[in-house]
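Next come two complexes, and both contain subunit A; in the first it sits with subunit B, in the second with subunit C.
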Partner chain A sequence: MEVELEDVERQLRSAKGVPSADKLIRYLRLVRELHVRDSNTVARYGNILLRHYKSHLSEEELWVVHEQVAVAALDSHALQFAASVIKALVRRFPDSVRAKRLQGMYFEAAGDYSRAEEAYKDMLVAEPGNEMVHKRMVALERSRGNTEGAITALRKYLDIFANDKDAWEEMAELYLEVLNYRQAAFCYEELLMHNPANSNFHVRYADILYTIGGPTNCKTARSYYAKAIELTAGGSLRALFGVLACSAHINEKVALQDARSRAQIELPEVATQALLRIYKQHAPDKLPFVEPILAKLGGGTV
Partner chain B sequence: MVGCTVDQGALLKVLAHAAKYPANGVNGVLIGSCSEGGSVEVHDAIPLCHTTLTLAPALEIGLAQVESYTNIVGSVQIVGYYHSDARFGPGDLPPLGRKIADKVSEHQPHAVVLLLDNKRLESFCKAQADNPFELFNKDGSKGWKRVGGGAAAEGEAGSSKLQLKGDDWKKLREEFFTMFKQLKHRTLHDFEEHLDDPSKDWLNKGFTASSKFLLPGNAL
Partner chain C sequence: MAGAHPLLLSSDVRDWVFIPLTLAIVLMKLLTQYMHQLFNSPPPNNKELKEVREMQAVTRSGRLRGAARFIPETSFKMRKEYFAGEKGFFTQKPVTRSPQEAMATDPSMMVDMMKKNLTGMVPQLGMGMVVNFFFQGFVIGKVPFPLSPRFKPMLQRGIDLASLDVSYFTSLSYYILLLFGLRGLFSLVFRDEVVDETEMMKRQMNPMAAANPMGVDMEAMFKQERTALNAMDHEWELESAEERAVDLLRRQIKAKKL
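Our next item is the complex of A and B:
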């Protein structure tokens, strides 16, 4: 689908005059599905679509597109344009908190944080359980540069909505921003519990443990990198390098007792060979830069 | 306080990196040469991260690969670090950036730090300011200190501010706009992208057409 997105974007760029409706619609759909954040482009093409081709969209998609374009416009700081789109949305859905929260976001984008906070607090009076508005309160603190405040607000949110995967990821990011690695690690433990087959979470968790450092953390990190290698069938460079980096910090001698200890002993060599294979195939010009690193970390034959 | 001269191509890469990931913090390494007296010439920028800036592995492996590269080429070394924050706020080198800069300065005691200041970037784009970068030097044990203050005064000791080779900031701005319009910044690849897809070239050979690109075996 990423290739499809690139394709349709290229077609839109090379269009002479006003691009066709179905290409614009397809582009915006793909962006929504892939969760791509390219706000300049979305705002530009969304503007054309809404100006010329409103009738081509179903009632439902028309307003989803309005929302998408409004957010993109805010993200690209096209405030006047954003305001016009938001106005249309609120006019169409006057009782909707989902529409009203865009007004709050407008104030955020304009830097008027106190007005945004007022707006969100009003919305919470009407709908105290509204997840979207709770999340906006977190984002508001972030925009203000008050990361600690954002962390407090998000912790309250997660107490109620403990299964929100995106929220846990955001929480981890906030903790990393204030260099609180231990709490960030805890967030990834939550994420891994609910998403045990997610190789990215395994790698990220291992990255955090490795960054905290110490032989115990390196050992744990190594096993998570190893799991990630398994989950990606040896394709993750981060995990392969990670295994080697950890092994270099673990000075324990492991006696060859069983399959598990054999795996531990052989892991650095296996990772080294896998990395060499990948570089030979995909980035042969980088091989001379990688070989000395592998020799130092793996200690094995290169 | 000694001076720092930067090649336009290096700054263009830093701007491209930030432009490619407008919602993220980005960082990378600066390579070039350093004189006996400590004045630094930056020839190129190697973009490193746009997501895991706070995590050690990608940074360590990235630095190690860049170090291997400079060892093999021989005529350049790691001379600095660049950093740009996601938030549009007052520009200062954050604690994380200082830590990473410390690590980079293990390679070169006279290492410099270039901070891409977002507010100054806005002025730069509106042609209200010349230079969107802040230069930092290591002040002994006091850590990283800004050099030259805000708008560099023309009459001041020229060697203590950031010099652009060719001194044509207007040209840099024009090239940046052209690059942005042509979406060329999307073709820049950082080390993190390389980790996720090894075919992506963190050296970005040929990105700046006029860059003095050094390959093992090529004399400059």
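Our next item is the complex of A and C:
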């Protein structure tokens, strides 16, 4: 499908004059299905489609396209065009929260935050269970630069919709912005449970634990880095460096016969070897910088 | 039978039975359709926010039980305490009422159901009576193909003539066929749901089963989650992750894959 999208886009770009209706419709449909964010292009072709070929669209698709184009126009700051599209939508669906949400987004894009907030609050009174509007509130606070407000709004949302993976991710991001590492770690724990096979979550979680510091956290962090190495088959440089950094902070004396010796002694060694090999192969010019770091981290012989 | 004399039907039967009957049924269907739309206008979106929250919490705790081995033990214990502790989420009484309770305290649901049934049933009963009264006992047509005698009760309702060829059908059978057969036609005209008689019949057979498919006994679910969480032992999947990583890196280095 991605290939098809590129294909259609190329055809549209090379078309002289006004492109044909079914090409435009096909393009917008593909963008919708693949969740591509290419707002400028969408706004441009959507404009052409809505201006010339309104009658080519079925009743249902017409309004879906309206919504899509309105969001794209707001995204590319074509406020006047967006306003006209949103006006058409609101006229068609005067009671719809979905249309009103677009109005609120218009205010947001125009920088009229207080009016947007008012609109969203009205919508939440009418329909307190609307996830989209809750999320808009968070986005609104973010664009205002009010991180604390965004955190409060998002907490309220997550208290109800506790299974929204993207929301947990955003929450972690926000907590990291205000340097609240413990809460961020909590969010990443949720994410780990959502998708235990995602090595990025493991690395991020370990990063946070390492940042909090302390021997216990460092040990846990090392385990998560190790798991990330396992998941990426050793391909994650961040995880390899993470293992070394954590090991440098754990100055536990272990005898060679000890069961823990493998983690404490062998893991940094092989991690160093792996890093050296990767650098040798992919970026030999960086080796002179990496070698002293590795030596300093004490990963055995370099 | 095939060699029997064809029946000659008076054109009055066509003018005074066939056409009025068809018209009456179509009009009645239209009426039911509009009545249905009128009564159904408020969408059933009265789910309380707190109910959503409880449903989501149950899902989340289910995931916690499934994926607890990926988070450290302290983190698991914290969540367990939150869900199943002394003052935990699942120790409180849920806001969501069980379907029986909701049925008893909230009459609007019953009224809704009554309305739905009434809009479907009353015109149908009325029509049945009218058809029985005015149009009974007419042979109004012939299907253009021979049929086995088993079709007799289906096509010749209201007329008990053993010698009549099966391919003739009577007004009453025509009424019943149209009643159920028009649905396909109507679904072409009305975009959203068309009143489905068969569905309505099913509901009448067993009103309790289909009454509230969304209703769940939240209290029982809370209890179940609580006991399941309490009975759970945490096992950290990453206990041996470092050793495994060592083995893996060794293997990768040996295989010259890094």
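Convention: the second predicted complex is superposed on the first by the 197 of 302 C-alpha atoms of A that agree within 3 Å, B and C clash if a C-alpha of one lies under 4 Å from a C-alpha of the other, contacts with A are read in each partner's own complex, and residues count from 1 in each chain.
Rule of thumb we're sticking to: a contact is a pair of C-beta atoms (placed from the backbone, for glycine too) under 8 Å apart; a residue touches a chain by one contact, two chains touch by 3 or more.
In this text the structure is predicted, and so the values were computed from the model without any measurement.
In the model built by aligning both structures on subunit A, subunit B fits alongside subunit C without clashing. Of the two partner chains, subunit B is the only one touched by A:I293; subunit C is not. With both structures placed on the common chain, the touch criterion links A:A274 to subunit C but leaves subunit B unconnected. Of the two partner chains placed around the shared chain by superposition, subunit C is the only one that A:M193 touches, whereas subunit B remains out of contact.
Judged by the touch definition given at the top, the superposed model places A:S223 against subunit C, while subunit B stays out of reach.
Contacts of A:E266 after superposition on the shared chain: subunit C is touched, whereas subunit B is not. Contacts of A:D207 after superposition on the shared chain: subunit B is touched, whereas subunit C is not. Of the two partner chains placed by the overlay, neither subunit B nor subunit C lies in contact with A:P215. Once chain A of one complex is fitted onto chain A of the other, the partner contacts of A:G242 are limited to subunit B, with no touch recorded for subunit C. Superposition on chain A places subunit B within reach of subunit C only down to 12 Å, the least C-alpha distance between them. Under the contact criterion defined above, the residues of subunit A that touch both subunit B in one complex and subunit C in the other are 278.
Against subunit A, in their complex, subunit C makes its touches with residues 45, 47, 49, 52-53, 56-57, 59-60, 63-64, 66-68, 70-72, 75, 237-239, 241-246, 248-250, 252-253, 257-258. The touching residues of subunit A, counted against subunit C in their complex, run 127-129, 159-163, 185-186, 189, 192-194, 196, 220, 222-224, 226-227, 229-230, 233-234, 243, 262-263, 266-267, 270-271, 273-274, 277-278, 281.
On subunit A, the positions that touch subunit B within their shared complex are 37, 75, 143, 145, 176-177, 179, 181, 204, 206-208, 210-211, 237-238, 241-242, 245, 278-279, 282-283, 285-286, 288-290, 292-293. Listing the residues of subunit B that touch subunit A in their complex gives 23, 52, 54-58, 60-61, 64-66, 68-69, 71-72, 87, 89, 95-96, 194-199, 201, 203, 216.
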